[in-house]
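I have a structure here, written as structure tokens, and I will follow up with some questions on it.
Chain naming follows the written order as A, B, C and D, and within any one chain the residues start at number 1.
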Amino acid sequence: MMPDLLIALTMLSNFSLVATSRVSKAIQFAVFQGVLLGLMPLAMGLGRHFHIVLLAIAAVTVKGWLIPFLFRRALKQVHIQREVDPYIGYTVSLMLCALGTGLSLVLAHNLPLKPGTEYTLLVPASLATLFTGFLLLVSRRKALTQVVGYLVLENGIYLFGLLLVEDMPALVEAGILLDLFVGIFVMGIVINHIRVAFDSTDTRHLAELKD
Amino acid sequence: MSLFLLALLAAAASGVPGLFLRRKGGEVAAGLLGLAAVLGLWASLRVLSGVPGGAVTLRTASLGAPGFLVLDPLAAFFAIPVLLLSVAGALYSLGYWEGRRGNTPALRLVYGLLTASLLMLVMASHALTFLLAWEGMAITAFLLVMAEDREPETRRAGWIYLVATHTGTLLLFAAFALLAKIHGHSGFAALPTGLAATRGGTALFALFLLGFGFKAGVLPLHFWLPPAHAAAPSHVSALMSGVMLKMGILGLVRFLSWVPDPPIWWGGALVALGALSGVLGVAFALGQHDLKRLLAYHSIENIGIILLGLGLGALGKSLGNPVMQTLGFAGALLHVVNHSLFKGLLFLSAGSVLHATGTRNLEQLGGLGQRMPWTSGAFLAGSWAICGLPPLNGFVSEWLIYLGAFRGLGPNLGPGRQGWPVVILLSLALIGALALACFAKAFGAVFLGLPRTGTAARAHEAPRTMLLPMGLLALACLAIGVAPILFAPALGRVADAMGPATGAALPALAGLPMISLVALVLGLLALLLWRWLRPMPRRDDRPTWDCGYAAPDARMQYTASSFADGLVRGLRWALRPAVHLPKVSGWFPRPTRYESHVPDPILDRAAAPALRFTVRGAALLRIAQGGALPVYLLYVLLTLLALLVWMVA
Amino acid sequence: MVRSLLPTMLQVLLHGLTVLLLPPLLPGLIAKTKAVMAGRKGPPVFQLYYDLAKLARKQAVFSRTTTWVFLAGPVGGVAAGLAASCLVPFGHTPAPVSFEGDVILFAYLFGLARFLTILSALDTGSSFEGMGAAREATFSALAEPALFLGFAALAKATSSLSLGTMLAFPGSLTARFTGPLILVLAGWAIVYLAENSRIPVDDPNTHLELTMIHEVMVLDHSGRPFALVLYGASLKLLVLGALILTPALPRAPQAWQNWLAFYAALGLLAVAVGLVESSMARFRMTKVPQFLVAGVLATGFAFLLLLV
Amino acid sequence: MVWLLILVPLLAAAVAFAVSSPTLRAWILPAVGLLHLGILLVALAGWRTLPATAWFGLDALGGWVLLVISVLFCICAFYAPAYLALRPERDHRVLSTCLLGFLGLASLLAQARHPGIAWVAMETTTLVTAPLIYFNHNRRSLEATWKYLVIGSVGIALALLGTLFIAYAAHMGGLDEPLQYTRLMENASRLSRPWLRAGFVLTLVGYGTKMGLAPLHTWKPDAYGETPGLVGALLAGGVTSCAFLALLRIYAVVGAAGEGAFARELLVAFGMLSMAWALVFMVRQTDFKRLLAYSSVEHMGILVFGIGIGGLAAKFALFHLAANALVKSVLFLSAGNIHRSYASKQLPFVTGALRRTPVSGWLFLLGFLAITGMPPFAPFLSEFNIASGALSTGHILGGTAFLVLLGGIFLAMSETVVQVVFGTPSTQRVRTPYKDAPATTAPLIVALGLALVLGIWMPRPLQAMLNHAATTVDGGLSARMEVQP
């Protein structure tokens, strides 16, 4: 019951992500999504496993505190509010996002779950989130929004990871989480460099190298 | 065998001392190559006289059949021209190249390596060693062609050559892969009976024909040859044209020697290609103004003659006609040696002309006969031989092929097969007549008449180091031409390699000694007449009789182009000469010029346009790498979706 | 042994004498015929002998531009002609030298002669002689295939490769071979006229250099070299003549009859050439190749007939 | 042993970060490289069979790849001091640190026996190598870095999803963590097919992006074009090898599960596509560093093509990994030298390298000939055997296409190379201080020499190792069976 609600919220946040034009809003949605997923394992009633609780806490801290902090720093530096003229308009993005969701349902239909798993929504939701992340990456101009897209994509993967969360080695889980964080961190640094070099984070400037 | 390997090492090392010596590096190199020649010739002749040669097995990372290098009669036979020409070229380069250019030591080194890889190639009896030597040959030759890479022409020629040879190599990759599939190992061995008729056999034949055809310069795969030969230093051109092309023939010969039962059409294909290369080769030679390009096209022609011989032999083999087989293969093999001798001679003497005048353009030469008598003598001997005129060596090999073809007429070969011998006869006759015309043009334009330019008038005879190798080659030509019977047994032994005891009949040919006889008669008569002319009263201070015109000068004499004009017009349909014919108008027309040149049919009319087209196509596709990151990510997404959908479907 | 050897010796001797002495007579005959046809008295039949004798005594003039190649033409021409004459049988009398494949040698010896003549012409550096040389080279390129197709036909018919047996055709003449034989001879007749530079291909005694082929090549020769040139030309008439005549001649039982037959036929051939020359005009240069191609077609057709 | 291989470079990285003297820091690289190679050789010499449950350890495949990377690192490390001395204006603290870090992570990846850990190592490699690309600190290198980072991260994320899918496939088969490769392969038959296939597709796309298979390679020309040749060599020979290894592990599992045919089709297709795509962009390519980048794309294609063909071709694909890494290092480093000398990497300006920088020019030319399959260099053996493997196992079409593409690529590549190497240097170019010195050419000569030796002769233990690695890849025997000492 509870997990399905969270999953539904996640998918909702997907749509709002592609629909919003404000970068700060997009970031908030992404963070919100991250926190939802961080709480997911507890919602799935896995509180009894100690390492899972730890993991949940870690996830929430990283996605709910560290990463937003990074984003806000970057946002302050580049002081931009809205994503003007994205490659793909918002309405079209919404349609595409819906399409992606539909596609993920089809795909998930072809990937039978282990008999007796109650979270049937999990796989389509994770795929949909993945596609949403891709959509953001492909359709937006601002480097920052693209990072958001990357974050969303990672969320999708994390969502699927929950299927295995019970017996996934903590080592691997922690590694994955760490990598996500460092990845975002490095991207933040590069964005900063970009801002300094081009005094703008519009990726249009980043098309010098071509054949 | 060990002797031969020693020779190989000596050749490979020949350039090394030159890297460290301040002076005399060239002499040392020539000396080492000479040593290699002595050792190698000794070893080869022993093998050709019936002593079994040895085999060497190398260890490489790849698994394979034993006997990676074998010194069989075929190898020994092909080694002879290699050794002769390489040492001749090295001697020649002392006067021709040494000290004139900066990169001499490197050139020497590479030249030695080329010789070594050629020697290794003839012995190779395993796909990997063969390809190793093959590529070694190709690349060293490429570097030699690039010797004068300051000229853009040379760079273009070198690049074209590189691409052509690599394409051929890739075809050989495929061929040897199929061979390995058949044998189960990459060693050289006879093919099982009946395989030749299957689709696999056909593929094998086609691949080998194409792969080796590129190297041999068979029309229409010849396009790299004229520019490369023109651009390379002359002693290198001699080695390339004289020997390197023959390695393509060697490959074909080896392949044919594995096939117990070639289908009829193989021989037919060989004959057809031979006729094409032969006739068109000499036809295109007629249209050239560049001496070395002209010689290059004649190489194509001679490769054609060799193919005619091979085709005849193959026909004989598949028809079970030992006479055709023997004469065809023997003629082809002998022509391989002959061509390397006289073509080497021709390229070397062309080099002396270039050395003396600095130009290869026939229209700017002339009258060199008085200024460089020895060189002109050498060139005349070469032309004499290449036109297949008795009593020089060119005649003997062509005579063998003629004989085989005529003999092929005798028995009824059955429907549709009678044609081949006639094709051979006709193309040989036509080639002979055209070659005669072409070399009359070349020799006349370069050495006879009046010098057409100042440089030609100031020409000087080449130094001894350059004349000596020419003399040696000329003597070799004469020897084979006058006394062919001496070489018949060795030739027979090599021809045996092509099939069961085919060559045995060769020495029994009654004609060979008779040719010597007629040659002697001819020489004797010429001598007598000469003696009769000598004592005559004479005065030679008059100008040429020009129908009453008192002061004829160089601009009045017949040019090379006008000499060939009649034939070029006759062959317009094939040559498609590009004629620049300005309109002369007005009462006092301004000075003008008439030009005509014959572009290469493949390179200039097919390959270059195709390449340009491809480049344009590629330029269109460049937008795929447009620089926009989202697009790149889109590629990732689309690939993923495509694969997932494909997986689900 | 001796009894068998002696006649052969005689034959060879006679052969040699014929080759050395007879040739200059043929141009004389041709000239005489033309003169008679034209209603003139004409030069004596032995004119060429006198000319040769005179030329042998005269001083030779050489151009400054010439080299030794200039002499190679006449010398090579005659030497090659004589060598070739050893290979061809005169009528049904055996050739002195005869072996498997001498056909090819025979043809290439004439090639050699042509090569050297062309070179000696180019050696003078004169535009006219260059022109002549070019024409010679061009037209012979067409004459060659005709000659070889004829050889091919005969070789197919007699399954032999030695002039001696190939040309001694009537020995094995059957009805199915007559047609091809006539075609071959017709083709060769064209080759004969072209190779000997007679009308309608070339006019030996025109006076306009621009229109000549062979004569213009030897403009600069004088004295003994020119004597050799003239003799060589007449030799060509004889030797190639033998090539055409032999297959046409019947075989006689006795050697002397064969010789007589041959000489008679030779005379007739000369007269025939004379008749042709006086009955038709020279072709335009552009027509010549077509004429030669006709020869190629004739011989080629002969070969095809033998295939079926 | 295991931990030494990983920790020595990582500690060295820390040291390098701490050290202040640039020269000293520069010399840490070759020292550590040698040390690492030494340890590795000892480790390889003393094989022992790993327990199925081991989390870390060196099997034939990992050993082979790590050996290649270690040798490559040595070559680049010995080249580094001289190169960095040429660039006094750039502080290389980060560079050295990241290089060493990469070596440590590569060792981790090669020894990881668990897909998850392998993934973590791979991802970290991406992050570590990003600063390397930014070494020049200009706009162009920044753009290249950004693209590399984003595309790489996205790809690697997909690889993670794929890994999870495979884990779930095992989960459905009642097979639970810890899922070391050994366990996976031994119980491969129990894996659920749909998840396995989906997992393989995702990992292929993910690791393929890191390898640079077309059309996922788009970051490659930019990254290789803008970095120093030193880094380019390591990326082209090292990082790609890591990704290839990670992919091979999964492929082996898939093969063991009997889904080999499915995977092979994909690999062959990707190989063909990569070669064709590379060809298109090599035609008239005026920037010789980008040319090398596309050549790298082509050779990644050759690798997966060979694996896809299987058998002999697969073995020689692994061999090609080494051959390619060695020759590519020669090419990238000599290209770097030429770049230094001409202060340009564009065609009309760079001609006559043989005259201006003779040694580097010759190395560049020979490297080109070697990479395009001229015997006796190693790539010839691999390319010839892959072709003949394809043709003799009935992949007539594939083999033919392979050869045709090789021919076309030679045509395109040779045109540029000939123009760069031959001719005369244009006179109006700025003269730069760079001159060929032993320090900047000796490592290249050694690399080329190794490629030569590898083409002619191979030590027996190495051959045995290669054969085992090949069988491992083909899923023939479970990763537990190791080469005996």
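Just so we're on the same page, contacts are C-beta pairs under 8 Å (C-beta built on N, C-alpha and C of every residue); 3 or more make two chains touch, one makes a residue touch a chain.
Note that the coordinates shown come from a computational prediction; the quantities given were computed from them, not determined experimentally.
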TODO: Please state which pair of chains has more C-beta contact pairs than any other pair.
DONE: B-C
TODO: Could you pull out the chain whose C-alpha mean position is farthest off from that of subunit A?
DONE: C
TODO: With chain centres taken as the means of their Cα atoms, state the distance from subunit C to subunit D in Å.
DONE: 78
Task: Whole-Å gap between the CA centroids of subunit A and subunit D - done: 31
Task: Cα-centroid distance, subunit B relative to subunit C, in whole angstrom - done: 36
Task: CA centroid of subunit B to CA centroid of subunit D, Å - done: 43
- [ ] Return the residues of subunit C touching two or more other chains; collapse runs of consecutive numbers into ranges.
- [x] none
Task: Residues of subunit D touching at least two other chains - done: 146-147, 150, 154, 198, 221, 281
Open item on the list: I need the residues of subunit A touching at least two other chains; which ones are they?
Closed with: 107, 110, 134, 137, 146, 203, 206-209, 211
Open item on the list: Under the stated touch criterion, can you name all the chain pairs that qualify?
Closed with: A-B, A-D, B-C, B-D
Task: Complex interface listing, subunit D residues touching subunit B - done: 146-147, 150-151, 154-155, 158, 197-198, 201-202, 204-205, 209, 215-216, 218-219, 221, 266, 277, 280-281, 283-284, 354, 369, 372, 374-376, 380-381, 383-385, 387-388, 391-392, 399-400, 403-404, 406-407, 410-411, 414-415, 418-419, 422-424, 454-458, 463
Open item on the list: List the residues on subunit A that touch subunit B in their complex, please.
Closed with: 87, 103, 106-107, 110, 131, 134, 137-141, 146, 203, 206-211
Task: Sites on subunit C touched by subunit B in the complex - done: 59-67, 69, 71, 74-76, 78-80, 82-83, 86-87, 97, 99-105, 107-109, 111-112, 114-115, 118-119, 122-131, 133-135, 137-138, 140-145, 147-149, 151-152, 155-156, 159, 161, 209, 219-220, 223-225, 228, 289, 303, 307
Open item on the list: So in the complex, the part of subunit B that touches subunit C is made up of which residues?
Closed with: 366-367, 369-370, 373, 376, 380, 384, 387-390, 395, 398-399, 402-403, 406-407, 409-411, 418, 422, 425-426, 428-430, 432-434, 436-437, 439-441, 443-444, 447-450, 509-511, 514-515, 517-518, 521-522, 525-526, 529-530, 532-533, 536-547, 552, 554, 556-558, 562-567, 570
TODO: Mind listing the subunit D positions that touch subunit A in their complex?
DONE: 114, 116-117, 119-120, 123-124, 127, 130, 134, 139-140, 142-147, 149-150, 153-154, 157, 160-161, 164-165, 167-168, 171-172, 176-178, 192, 194-195, 198, 221-222, 225-226, 281, 285, 290
